[in-house]
Amino acid sequence: MKNIKIRINDLNFFYKKKPVLKGLKGEVEEKAITTIIGPSGVGKTTFLMVLNRLCESIPDCSVEGKVEIKLDGRYIDINSLPLTTLRKKVGIVFQVPNPLPMSIFKNIAFPLKLSGVKDREYIKEKVEQALKDAFLWDEVKARLNDSALELSGGQQQRLCIARAMIMQPEVLLLDEPTSSLDMEAALKITELLKSLKEKCTLIVVSHYTSLTRKISDNVLTLKDGCLEISENSKIVEGLGTVN
Amino acid sequence: MNRFVEYQIKLFCWISGVVLIGAIGILLAFLFNKGISSLNLSLIFGETRLLDGLLLKTEVVDGLFPAIIGTLLLIITSIIWAIPIGVAAGIYLAEYCNIKWKPVFNLMLDVLAGIPSILVGLFGFAVSVFLHKHLSEHIYPCFLISSLALACLVLPYIIRTTEQSLVNLPFSIKTTGLALGASRLQNILFILIPYNLSRIISGIILAIGRCAEDTAVIMLTGVVAMAGIPNSLLSQYEALPFYIFYISSDYNSQEELMKGFGACIILLSICVFLFALSHILKRRAVMRFTTHT
Amino acid sequence: MKPSIEKLAEKGFLFSALLSASITILIFSFMVFFSFPLFKGGDIAAFFTLEWNPCEGGFGIVPMMVGTGIIASLALLIATPFGIGCSALISVFSTGYFGRFLRKVVEFMTGIPTVIYGFIAIFLLVPFIREIFKKGTGMCVLSASIMLALLILPTIILFISDAFNSVPKNYLDAADSLGATPVQKLVYVIIPSAWKGIISALVLAAGRAVGDTLISLMIAGNALQIPRGLSDAARTLTAHIALIIASDYESPEFKSIFVCGLILFFFTTLIILVLRLLGYFKILRNR
């Protein structure tokens, strides 16, 4: 019996009055990697942004329906949580890495600063731990005060993951995290995601490549505004690599 | 269209360009020719010694020093009013404003930006008359009124620059902070404003340039030809642009006229410097946009 | 951050925005307030007469309105062809060295204070005009219009060349591939496509021309008459306001300047509304 972290019921999403997600239903397993695949433009990124209510920053959008997340053993509607709390529990990493124009250290420490944490020693510890969790510590430990914009694409993406992980979120959303990276960097990220599984629930939007096939526990297909559970074998036979 | 007509059109365009450059060239050459000879310390300090004048020990009566100080003080006080209100209003319009009210605000601010400066000066004058009658007999057009009026004049520049810099950001920059759990205010203060600092400062410098060169507003709100350095907010004062205007209509000797040209060169240098600085900062801001993917 | 700080900050931002917007309303109110006694007294018709002679009770500001109209229109007339020509040069014919230099010169011009244009004009242009007409002081409609044209040219040029540059590239490519010469491209593709931008630039420049004080104050002669020729001196509404300001507070003479102010305010609002219709502000906001 799987533990369910997120329950979605009858989710509708409208952009400029046109429906993008229609009556979406689904469940996301706790502490597992769920991959969401589907044709381009079908609304995968939109779906992620509903989960942490980032869609509210997009003009001309409206959302209806119920999304519940399990916190402290209870299922809570995400609309009833304060936005800032929700986003600390549900982190997100985007397709194109977006480090802030600050030093590497400051980037990672930024969420702590937002929460008002002032203890320097504590911050240093947390930053080091987050960088280690993201497999980035060894590469940057000697240059924490250098600008984050100077890192390579793959390093920047791992930085973004570290930054999202520092608040120990319960869910981490990743929107095609490896699509802007070369093969080697993508491999590193994929290994990283596998290791993060024990710490939090992962939802990855991706093309169903050989990489994601290796690490995914569940695969959901987003088609025509609805989510369908796909059996691994069915994917290999029917859809192949979806572009 | 036959080739002759085409040739005419092209020729006309080239002539326009040459005429324009020629006109400006002649103007500047004339200015420097006449004014360069009077560019020395006595232009600014008159008969008083440099140190005495600078430390305000003796009053400078026949130099530009009081006018230059007047202009400087005017700029500083005006932007002290204008920056906080302007930046805050710009932030409101960009981040918090209800879609219904935006057209109203936009209309009000666009009209304010388009109002002729003499009208702003007239407004300042009217305010001082009003206060004189209803508040205190001591209030006349003065330094304080001038700086408030100038602040009203440049407010639209600062608001527009701040608002546009915040609105024209790529979605990823706007939401990075929010995605990390920042509140709206934290996002604005810690990410958006620092990111746009160059643009906002460029707008402020533009406002400063406007304060330095304006004559119409100050003419109606308290500037005079001879007042020394203002010793209180309610006193009258001198300013560089007004000195130039005054000299043009009331000069007693060739020497005084040359001083006018010298003053022109000084004012021109200040303004061109400020506009160039503002331009450079805007360019830098644009470059930052394009290198950050 | 505490929610109370957030709320406070938001209120502070709102307050600033309201304050800024209300300045416009305040300006309008003050103009109305100070001219109101005249509206009430029914004397308002007296303002729209031809005689300005305070001693004899004549407060007609029509000469000033005509002065503003003629000088501004003439300035626009002079500046428009040169403005379009220079813009065409910068954006179409000479995108290299000379064009870039010209653009830099124009940008430089935006930094020149108006009072300096006036000052130089008094000692350079005015004697020249005096020679040409062989009568008068040289301070006349023509001098003022020429300098005013020079003043508004940068606005026109920068705006029109931006409009030219915003013409979609596929139109230009289409013209090129059909073998059009640069002039043909300009006349048949670019100008028709950018006409809204051109009109906006001219409307904006008209606003500036009408609102400028110093040029007409310093070189138009300030005579209280309706100018009948280019060599006649004239006075604009703006210069009138500046000149009268030294009078005492209660006379109708004094109140007349507020009527001038009101007229200028309406004119500005009209310009803004026209520009809105042309979509000028949409272009500006998307820059």
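Chains here go by letter, A, B and C, matching the order in which they are written, and residues are numbered from 1 within each.
What we mean here is this: a residue touches a chain if its C-beta (ideal position, glycine included) is under 8 Å from a C-beta of that chain, and two chains touch if they have at least 3 such contacts.
Worth saying up front: this structure is predicted, and the values here are computed from it rather than measured.
Enquirer: Report back the single chain whose CA centre is most distant from the CA centre of chain B.
Expert: Relative to chain B, the chain with the farthest C-alpha centre is A.
Enquirer: Between A-B and B-C, name the chain pair that shares the greater number of C-beta pairs in contact.
Expert: Most C-beta pairs in contact, of the two: B-C.
Enquirer: Please find which chain has its CA centre nearest to the centre of all protein CA atoms in view.
Expert: B
Enquirer: What whole-number Å value describes the gap between the mean CA coordinates of chain A and chain C?
Expert: Distance between chain centres, rounded to whole Å: 55 Å.
Enquirer: Once you find the CA centre of chain A and the CA centre of chain B, what distance in Å lies between them?
Expert: Using C-alpha averages as centres, the distance is 48 Å.
Enquirer: Provide the C-alpha centroid distance between chain B and chain C, rounded to the nearest whole angstrom.
Expert: 18
Enquirer: Counting only residues that touch at least 2 other chains, which ones in chain B make the list?
Expert: As it turns out, chain B has residues touching two or more other chains at 183, 186.
Enquirer: Using the touch definition from the top, which residues of chain C touch two or more other chains?
Expert: Chain C, residues with two or more chain partners: 1.
Enquirer: Can you list the residues of chain A that touch 2 or more other chains?
Expert: none
Enquirer: Enumerate the contact residues on chain A facing chain B in the complex.
Expert: 52, 54, 57-58, 83-85, 87-88, 91-92, 94, 96, 98, 100-101, 110-111, 113-115, 149, 163-164, 167
Enquirer: Which of the residues in chain B end up touching chain C in this complex?
Expert: Residues of chain B touching chain C: 1, 6, 9-10, 12-17, 19-21, 23-24, 26-27, 30-31, 34, 84-86, 88-89, 91-93, 95-97, 104-112, 114-120, 122-123, 125-127, 129-130, 152, 155-156, 159, 164, 167-168, 183-186, 209, 212-213, 215-216, 219-220, 241, 244-245, 247-249, 257, 260-261, 264, 267-268, 271-272, 274-276, 279.
Enquirer: Quick one: which bits of chain C touch chain B in the complex? Just the residue numbers, please.
Expert: Result: residues 1, 5-6, 9-10, 12-17, 19-27, 30-31, 33-34, 81-83, 85-86, 88-90, 93-94, 98, 101-102, 105-120, 122-124, 150, 153, 181-184, 186-187, 207, 210-214, 218, 238, 241-242, 245, 249, 257-258, 261, 264-265, 268-269, 271-272, 275-276, 281, 285-287 of chain C touch chain B.
Enquirer: Of all residues in chain B, which touch chain A in the complex?
Expert: Interface residues on chain B, with respect to chain A: 171-183, 186, 190-191, 194-195, 288, 292-293.
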